[in-house]
Structures are given as structure tokens and as C-alpha cells.
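Every chain is named by a letter (A, B and C) in the order it is written, and numbering of its residues begins at 1.
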Amino acid sequence: MHMAASPQKVGATGGAGSGSSSIVETLADFARRRKSFWVAVSLAILFTAWEIAGRVPISFAFPTFLETLSALIEMALDGTLLPAYFITFQPLLLGVAVSAVLGIGLGIAMGLSDKAEWLLAPVFIVLQAAPMAALVPLVTFVYGIGLVAKTLAVIMLALPVIVLNSYKAVRHVNPSLVDMCRSFQGTRMQQIFKIVIPDATPVLFAGLRLGIAAGFIGVMLAELLITPTGIGDLITYHRSVANYAHMYAAVASIIAVSTLTLAALQYVELRFLRPEKRRK
Amino acid sequence: MANPIPLRTADNATPDAVVEVRDICKRYGDVEALRGINLQFERGKLTTLLGPSGCGKTTLLKIIAGLVPATSGQVIVNGRQVTGPGPERAFVFQDFALMPWATVLRNVAFGLELKGMPQAERHRIARHYINEVGLSGFEEKYPHELSGGMRQRVGIARAFSVNADVLLLDEPFSAVDEQNRRKFQEDLLRLVDKERKTFLFVTHSIEEAVYVSDRIVLLSPRPGRVSQIIEPAIDRSAAPDVIRRDKGYLDVVEEIWQGLRQYAE
Amino acid sequence: MKLFGIKIPMMTSLIFWALVWEIVGRMDVIFLIPPMSSIIAAGFGLVQTGSWQNATLITLRTFVLGMAMAIAVGVPLGVAMGRFKIVDNIFGLWVNMFVSAPLSALVPVLMILFGLGETTVFVTVFLFAVWIIVLDARAGVMQVPPSLIEMGRCYGASRFTIFTKIILLSALPEILAGIRIGLIRGVKGVVIGQILVSIIGYGELFELYSRSFDMERFWALTIILFAAAMVLSAVVEHFEKRIEYYAGAR
């Protein structure tokens, strides 16, 4: 195998590293504060625009930002929001967990074995590019309208992207590191567990994040399409009674929750699988 | 001052050959990388493979390492034919091949870790070689926190720590700036002297080759063939600065350049 | 890519899976999976029906409009974000948020705002596709080597020339990559939009076939849709490869 000229792959595992120097910390701190400043500014701009658009109003079905916010607070306090999330998160977590285990496993197998690649890669390439949403109505035929059907809807959307990312991660492992492991007579198992998987970790995580994002789309689709439950029920119900502020609040909250979930995952990844984010 | 005698040996058979390369040919599909390479490498000596880039230096080194199969021919190390990587050979990679997620200590000890050596013992050995290459204090650092030169020292320490007879170094200093490069060359010579191992060293710098080598093998461009073998008998007991200004040293550099310039045109 | 003496192209495994499907379908284990051959036969019948042609027309129209809008808005916004720090700071948060947000939850809102018609689907397509186009255009502009811009200045290029001939051209590979992913997302958007609205285009047909348990047609429609998505992405990928020679050189 020819040596790669410049390995751009980065990998991450391992525990806590040594403390970074104080200059780096101050810089990072500055950047962080600056960033939160801009977060505040862009939130403020959008919310103001929303408020103005709501007051005009651009549509009878367009509540102002403040109305939506108070609806959100009301739902949070009167105990409708939390139980709804409890219900929504069940198929989501289950589906994502199944997709993660199955997807990373299959992806790694496809990356390591030409036969598995031949057999499975085309299928998942098609499934990832295709609008899987079209198949959601189908699962209700077999699994009814319960938790299983919704979990399946999540898996259908989340699995392909996780599989393909894991597969790509393994295929793009730094060949020089694999050669290095071989040159020290590492066994195939050592090669897989000590080199391939650690080196693939950042891309595996990226795939996981994409999978979770797809899972959120899937669970909302399921809750709106199969039968209204959880947040989907809040959206559908408030829409049917023309309680638009509440409906908007539910939609905004699920978008916010999904964003925060993804950000938290990224934070955990950086924090615990740190040592280098970029080698160069 | 020593008077180096450039020596051309038509028959390069040596009595105590650790590594013997017999009739090695290598093709990558349509590309013929190496043709009919016959070489012997003596125990305890540093031999340099020198040639224009793309002439198959890395390929030859990897064939000797057992990382790449030859199309035909054989490599014999310590009397046994090479079929794959072995404990008597250690490779230093041009791009360092350090695990970015592991500390310097774990990287250096990695060869021993793969062999299943207990942690305490392998860390003791690794620390010894980290110290040898001048990196003590950096054990807990990660590769991205080190300069290119320091990273390559980690790679060298890793190769040393498995205690192989033969060290294969593929352009180890190509990512190092000129000042540090000289320092490294001197360090390398010190290690060669101290560790008494056989070194196969790839470079494309003529000066570097002449400065560090007992023997220089010139390869011709694709398909790589042995075009010339030169033994720059330089007295290494002299101070580095003296050697670099030595007439004999400069003559060898000039001679190699004359040999290679035909390919550069 | 299995080596079995000879190299077998990867996509051939799809034929293998189609055969497996045929066998499972023939064994009649589950009504959901009719034999592949009857699905294909149903597909040929389907494309001749007026309802399919009509639905396809509607779907294509909303898709093309939505994509055109997404590109028209996404590329300039992405370029602006890449060039001007302030634009980046203001929009960065929202673009990054919406690129992975569960937009399916937003469709009911669109439905009450824009009605149960093509407009809603059009906006859905736009929302699914636009964010990734913005992000990739931004990345493309950000990676333009400063030395290239300095070179342009040295040779006396005007700001406009630098912008069009250097910045936009060297960002082109990323912009196209963004458009390709945007197209794939747009296809998902058009389907999700239509299924949730459920009274227009393919959404209506899916609803109809699944309610009447017409599995042959259901699958035929799905396969047509999947194939269209694959062909679309293959076409853009081909186009991308044609300019890749200079993307690869940097």
C-alpha cells in the first residue's frame, strides 16, 4: 500500500489529557464569550422579526413571538409539555439506539469485508438517497399504530445514514496507521480495535449525529402521520382548535430540543473523546 | 583529517549480511516500480537508498518490511525468507503514523502493547527510548501538540523500543526544517553508534545521505534499478561542522550529483 | 466489489436483492411484499394512468420551483456568509440549527399558513434543501486560498473580477456538492410535504394505494420515486466529477 501523502483523518478516544496552557484557555474563553454574544444577537433579531410579523399580522394563523412564548410557558407549567416529550422520546430513543448499534455494526462490517460491502452498500446507498418517508404508512399495516410502528419509522430514517457513515469512516481510516500496526505484527483483531475503530470514531460520531437528526424527523413524521401522540398530538390538537400560539410553541420546542440534543452530543464527543480535534 | 575514498563495488556480496534482497521486481498494475534489485545489507551498518522521487525507494523498503508483497524475488532476513512483517524489523514512517488519540508514551509503547507486554514494563522501556530521542517531559503530550520533528522522534523511539535488529526509515526527516534536520542527523548517528543496529535509510537529500551513511545505494528512476553503490568513508570522529566542510565529503556529494543529474534532465 | 476470480460491480447486488424479493413475494409470506415481477408490471401500467402523470407533473413542478428558490436564496446567502463575518454571525446559528432540525414538525405550520396545496409542498422543498446549500456555499467561499485572491490583486483585477473569477469559481465544487445534497433533501421534502398534506401529487396516490391495499402500485410508485432520487443524484455527481479535476488539485 502506498503511503498517504497527508493524512487528514483525525481520530479520538482516550481519557483526560493534560491541562492546556493558559494562553490557549484565555483565547478559547474569549471566543466562547464572543460566540454567545452573537448567539444572543441572532436570537434577538429573529424574535423581533417574528414579533413584528405577528403584529402586522402577516396571517391570521401567525401568532406573535410573545404569544407563542407565553403559550410555551403555559404548556410547560400546566403539565402538558413534559408528558408529551416523555411519549415522543420513547420511540425516538429506542429507534436511535437500535439504529446506532445495528448501523455502526453493519457499517464497520461493510468497511472491513468486501463481501459485506458488495451485499449491503448499494442497498443503503439507495435507502439513504431515497425518500424513506414514503414507506412510513406501510409500517402501520403490520405493526399497527403503537410504539413499535413509531420506532420502526425512526429506524427507517436513521439507520441508512448511520450505516453509510460508519462504512465510510472505516474505509477512510489512515492506511499508514494500518501499515504501522501490521509492521509491529498486530493481529487482525488488534488492527480493528486498536487502530480502525479509534481512527474512525469522529466520523462514526458525525454519522450518529446525522442519524439522530433523521430520527427526529422520523418520530415527528410518525406522530403526525400514524396517530397523534406526544408532541405530534400537541401540534395536531392545537391546530384543530385554532390555538395557533400553542401549536407554534410545540413546533418551536421540538426544533429547539433537537438542536440542543445534537449540540449536547457534540459537546460530549469533544469533551470526552478529545485529545485532538484537528491534527493540522 | 580523514581522506574519504569513494568506493565502487561491482560485487556487493558481504560476509555478514543481515538483509539480503534477491532479484526483487515489483509492478503496480501497469507501473513497473522496481526491476531486478539485488542488495545485501551488512549488520551494524547504515545504508541509504537514494534516488529521485517515484523511483521506488518506499516500495523497496516496504517490501523488505513485509508490508508490500514483491511481484517476484525474495528478501532474506537473518537467513529466513520474509513473508510478512516480523519482530526483527521495525519501520519508521515518512508521515510518522502516530495515533492521534494516544499520548506520546502510548504511541512509543504501541509495538510492545501489540505484543501483549504488561503495561508497567512497556512503559518503562518506552520512557527509556523517549529519553534517548530527547523527548523526556513530553510523555503525556498528544502528537498534535508536537512539531513535525518531535513527532518523527516519537516514531523513531517506537521503532527502537521493540528492539528489532533492522530499522527501516522512510524519509524520516522530510517534514523537518533544515536547522533541526542537521541536529537530527547528528542524533541519528549517535543512536546508530549506541544501538548497534542495522539501518536502512531512505532520503532524497544527497548531503544527508553522504553525511549519515556507511553506504549509499543509488536507484535509477522508474523502473527502479540499482545504478551505483558508493561508500563514503567519512571519519565520523570529527566534529560535524568539520565534516560538512571536508573536501572528501564535498567530493562524494559532487560525485553523486553527477550520477543523478542525468535523471534530473 | 467482490473478487471471485473476476471483479463484480457493486451495484449488481441490487439485482440479487430484487431476486430475493421476487422469491419472497412468490412464497406469499406477507401481503406487503408482492413479487417484484408483478410490481414492475404494475409500474408499467401505472405510468400510463392519467392520475400518475398528473401527480408526477405536480410533484415535479413543486420540486423544481422549490429547488430553484433554494438555490437562488441559498447560494447568495452562503457566499455572503463566507465573505462577511457579520452576516455569518447573524445567520450562522439559524442555518446550523435548521440544517438538522426536524422540519417535518414544521409542515403543519406551513399547512395552516399556505393551505393544503402546492404552495405548502413548495415551501417544504425549499426548507429541506436550502440550509445545506447555504452551508456548503459558505464553506466553499471560506476555503478560497488567500494567496489566490492576493494573486488577483497583484495582477490588477478589480474587486468584481476577483469575486466572480476567483472566489466564485474556486468555490464552485463545494457549491455543487451542496446543491447535490440539497436535491436529495429536496426529494425527501417533496415526499414528506405531500404525504403530510396527503391530498396532492404522490402523497394522494400513496394514500390511495395504501388505503386500498394496492401493494403492487404502492411499491411501483416507491421504486419510481427511489429511482428518480438515485438518477438525480447520479446526474449531479457526474456533473460534479467534471469539475473535480480542479477541486482535486488544491
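Keep this in mind: a residue touches a chain if its C-beta (ideal position, glycine included) is under 8 Å from a C-beta of that chain, and two chains touch if they have at least 3 such contacts.
For each chain, UniProt lists the protein as follows: B = NitT/TauT family transport system ATP-binding protein; C = NitT/TauT family transport system permease protein.
All figures in this text were calculated on a predicted structure; none of them were measured in a lab.
Enquirer: Based on mean C-alpha positions, which chain is nearest the centroid of every protein C-alpha shown?
Expert: Smallest offset from the overall C-alpha mean is found for A.
Enquirer: Across all chain pairs, which one has the most C-beta contacts?
Expert: Result: the chain pair A-C has the most contacts.
Enquirer: Mind checking the centre-to-centre distance between chain A and chain C? Centres are C-alpha means, answer in whole Å.
Expert: For chain A versus chain C, the centre distance works out to 19 Å.
Enquirer: Would you kindly tell me how far, in whole Å, the mean C-alpha position of chain C lies from that of chain B?
Expert: Chain B and chain C have C-alpha centres separated by 51 Å.
Enquirer: Need the CA-centroid distance for the pair chain A / chain B, whole Å please.
Expert: 47
Enquirer: Residue numbers of chain C touching chain A in their complex, please.
Expert: 1-3, 8, 10-14, 16-17, 30, 32, 89-94, 97-98, 100-109, 111-113, 184, 187-188, 190-192, 195-196, 202, 206-207, 210, 213, 218, 221-222, 225-226, 229-230, 233
Enquirer: Which of the residues in chain A end up touching chain C in this complex?
Expert: Residue positions touching the partner: 38-39, 41-43, 45-46, 59, 61-62, 114-115, 117-123, 126, 129-138, 141-142, 209-210, 213, 216-221, 224-225, 231-232, 235-236, 239, 244, 247-248, 251, 254-255, 258-259, 262.
Enquirer: Which residues of chain B touch chain A in their complex?
Expert: On the chain B side, the touching residues are 58, 62, 65-68, 84-87, 89-91, 93-95, 97, 99-103, 110-111, 113-115, 140-144, 162, 170.
Enquirer: Using the touch rule from the top, collect the residues of chain A that touch chain B in their complex.
Expert: 1-7, 10-14, 17-18, 174, 176-177, 179-187, 190, 194-195, 198-199, 201, 273, 275-276, 278-280
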